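By letter and in written order, the chains are A, B, C and D; residue numbering begins at 1 in each of them.
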Amino acid sequence: MNTENREIKVLDKGFVRLVDSMGDDSSITEAARTSYGKQTKTVRDDTGLIRYLMRMNHTSPFEFVEFKFHIKCPIFVMRQKIRHRTASVNEYSGRYSVMTDDCYIPELDRITSQSTSNNQGSTNDILENASDIQEIMKFQTEESLKEYHGFLDSGLSREIARINLPLSNYTELYWKIDLHNLFHYLKLRMDSHAQYEIRVFAEAIYELIKPIVPIACEAFEDYRINACNFSFKEMDVIRYLLMEKNIPVEDIKAIIQKLDNGLSKREITELISKLGYISG
Amino acid sequence: MNTENREIKVLDKGFVRLVDSMGDDSSITEAARTSYGKQTKTVRDDTGLIRYLMRMNHTSPFEFVEFKFHIKCPIFVMRQKIRHRTASVNEYSGRYSVMTDDCYIPELDRITSQSTSNNQGSTNDILENASDIQEIMKFQTEESLKEYHGFLDSGLSREIARINLPLSNYTELYWKIDLHNLFHYLKLRMDSHAQYEIRVFAEAIYELIKPIVPIACEAFEDYRINACNFSFKEMDVIRYLLMEKNIPVEDIKAIIQKLDNGLSKREITELISKLGYISG
Amino acid sequence: MNTENREIKVLDKGFVRLVDSMGDDSSITEAARTSYGKQTKTVRDDTGLIRYLMRMNHTSPFEFVEFKFHIKCPIFVMRQKIRHRTASVNEYSGRYSVMTDDCYIPELDRITSQSTSNNQGSTNDILENASDIQEIMKFQTEESLKEYHGFLDSGLSREIARINLPLSNYTELYWKIDLHNLFHYLKLRMDSHAQYEIRVFAEAIYELIKPIVPIACEAFEDYRINACNFSFKEMDVIRYLLMEKNIPVEDIKAIIQKLDNGLSKREITELISKLGYISG
Amino acid sequence: MNTENREIKVLDKGFVRLVDSMGDDSSITEAARTSYGKQTKTVRDDTGLIRYLMRMNHTSPFEFVEFKFHIKCPIFVMRQKIRHRTASVNEYSGRYSVMTDDCYIPELDRITSQSTSNNQGSTNDILENASDIQEIMKFQTEESLKEYHGFLDSGLSREIARINLPLSNYTELYWKIDLHNLFHYLKLRMDSHAQYEIRVFAEAIYELIKPIVPIACEAFEDYRINACNFSFKEMDVIRYLLMEKNIPVEDIKAIIQKLDNGLSKREITELISKLGYISG
């Protein structure tokens, strides 16, 4: 497949490369139709079936597409990635081999202040002394690498010499994951709350798979990425709002017609029922 | 813990028994606070933190509570249960031991017609010849068992003798699972689309864990069981509806005040933003 | 790859079909070399590296080869297969669709007596009344299917109608698994202690993958299937035996030379050390 | 259980603490007996059954014991630990909270040379300039921490400030794992090829669980830790050796009697058969 072995550069020295893949959109429906037997063969076309599976959280057919990536990323990004236990991983080993001299140095627009509203995030406000900080980071990184090579030259074991390298040091890995688990990963890591340096790797991965499973990706965006989940209490508010304002179901149908945004007949019925109207 | 070793009878001859458990609501917050460090110690009480974790899909702290059940259920229920790959299972073996004579015979109110709206479901309409069907099932089951014991008496190996037993034959298993994965299981199996015979086992399991993790269970009901997910296109409709009707944000706030259903300040802000209002 | 979509018939009405695969022997070494970096590039050829990985239980590179099968097997075989939680599964659903009329009827040479030495096994001794038993099985199976279709004709829901079908009824599934986990599965299910009906499916699977990963399969046979594990206490016996008999290390080396069975230089050193001789 | 909440200090600033556990040796046999049904109730006592399960690789009953640890370890140790995907993990987050000032400084006896025989290892030969290297490490670590706090004082986001911290920086985690998967972990990480700093954490974990599952641990040592695996080709050598030397089976039995090391009757039969003698 000519979409494979495409490589996308990420951050200052990293990349994501799609090494291999198994299956495409049609593999998802093929697996799903095994469960449903002859029932679904004629009723639904591939696009409709994939969207139905995504909407209903019938996730197992999405496990039948598999991707293999070669990734180069800073160790602190790797540490996040490895938390997803459903992938297969082979990582470069600092015990077997000498670590690379590549370290991530943030651009000035990433040397920004701590967010006060989001305990785990950063703002877009570049610090006044951002270029000083960047210089210190470069200097400190170079010092670390100099010491590292000095240690190795003294004969120190690689497994100990590496422990003072910074978390910004780049590592490499092979990473294999199925589409269901990859969507779960992407939902979390493409989110605006994810750290920028992790997000850009997730986005590169998503770019690489889109040409292979375009229908599944569109369903993923509609029903996961851009979906909204309302709790029981929140639904109370929405339903009371519509009742309080005496908004008749016809007005909702009129708005659906006006928007004409591709809701299927079945989805329209589902929506009206979710909003608290007795369907019929 | 005196909630343990409680047993709930399920169907005609089955049961669910909670054999052991590790942790409770406080184990969830204990694990979560390891991630957050000192940041959250004072800000949030246990209930607030558990609800926040559930709402934000920070699922890993829920993995730190573990349950062990002893279950007796028909083989066709077992076949469903085992699909959840995150549990540990030890099942009774028909190769080592003679299978039980217990088989599931449905009550008359389960001898109902095929649903036409739901390809995988049944209705509540009891068939006219329901008691005839029930009699045939009893007879057929008894015949199977008679042949089974006849085969064994002839000296036939257990592993072959059992293959003609019906899927309604009861089996037993030990089943161990953590709370996060159990919630995922319960969400699917307590759903109205799940087969009744599977649902009653899920409900019994839920009854047994509720006294151990009451706060987590309430959050599970509010943010998962009774929550509503709206796709991108559905959100379009809701947002346009509110705009079209010129419903001001004050009216939404008024309804929230009137309902007084326990939405936290943060949740109110989140809701108003999800409904398409610029927060501020 | 022209080895794909090959189908092997199994038992009376079943099959295993290789639908798709990702990777081959070279994918294993490619993943492994990511860990080792430049260290191994020249030292070892592919065959040597794959054998080393298998011998040392460096299993993660084997996860980078993936297979997808379409399988038709009796439900009691499926029940075993599904216990391997590391595979992806989509199974035919008796709630959505009408089950097949195909049921497994054992050949006479499988209608044998219970093993007395092995609690879970059968012997090769065909029972005197084997053909009677086979006739009863056929009759009973036909009766079950007749009742099943009668139930459906009465309008009974599929989810209830199916519960009296025998465990010998055939089902179909899509099954996806990586090579490391498949080897684990095959080691257990190709074993002589596995039930014959399960073993033949495992053997068919193995036939289908061998042309794709021949080097890995040979290593699997040498270091897993045909390997022997000795406990601490058993090793005591072997080591004392060699000492007691005053067998010098030269005699062991002479036997290795005589056998000339392909032990590498490194393996010879390892063996002599495992047998309790101080290497050097 | 008074063995819980025991804490073992590891390295210069780390620890392993057993926070909670579920089950003990008897939970293993309880789960196993569910599979075997009444067959095993009388035949075998608990110790015999646990040893049999371990020897035969019947691993699922070991999954029914669960442990929860609180661990403080350097990030490079954590990176290894997290590769075991079967555990639940909650780690301290450098995005939410300020990282600790604790960093691992190796003792002089760990500032040794690279092994030439083992590409991934170190020797016991302390380098001549070991104390110089240790001083540089201390200095470099202090510089890193000084810069880190300087960055935070400038208002830099925590998620960026941390990226230049060394891999020797300590982190904390909650770690939950079942006994089967823990044994797999311990087999790999207590091995002499594992890096010392990782091994000491594995050893501390093993110390903490031993009082809870003493019988399982003894079986683990006999059949896993101190066992020897011989490939097909190696077995050739051993079998030919015994034949070549005309060692009669009686001599083997005599040695077993002399050693009197607790091999069960069944194990003696198995051993003699593994060594190539026709049993009988």
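By our rule, a residue touches a chain if its C-beta (ideal position, glycine included) is under 8 Å from a C-beta of that chain, and two chains touch if they have at least 3 such contacts.
Computed from a predicted structure; not experimentally measured.
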item	value
Copies subunit C and subunit D touch via same or different residues, half shared test	same
Chain pair with more C-beta contacts, B-D versus B-C	B-C
Centroid spacing, where centroids are CA-atom means, of subunit B and subunit D in whole angstrom	35
Subunit C and subunit D: spacing of chain centres that average the CA atoms, whole Å	28
Centre-of-Cα separation between subunit C and subunit B, whole angstrom	33
Interface hub residues of subunit D, defined as touching at least two other chains	36, 39, 89, 93, 96, 119
Subunit C-touching residues of subunit A, taken from the complex the two chains share	20-23, 27, 30-32, 34-40, 60-61, 63-64, 66, 68, 70, 88-93, 96-98, 172-174, 176, 178
Residue ranges of subunit B in contact with subunit C within the complex	74-76, 78-79, 82-83, 85-86, 89, 93, 95-96, 104, 106, 110-115, 119-123, 127, 129, 133, 136-137, 140-141, 143-144, 147, 150-152, 154-160, 162-169, 195
List of subunit B residues in touch with subunit A within their complex	36, 39, 55, 57, 119, 188, 221-223, 225-238, 240-242, 244-245, 247, 251-252, 255-256, 258-259, 261-263, 267, 271, 274-275
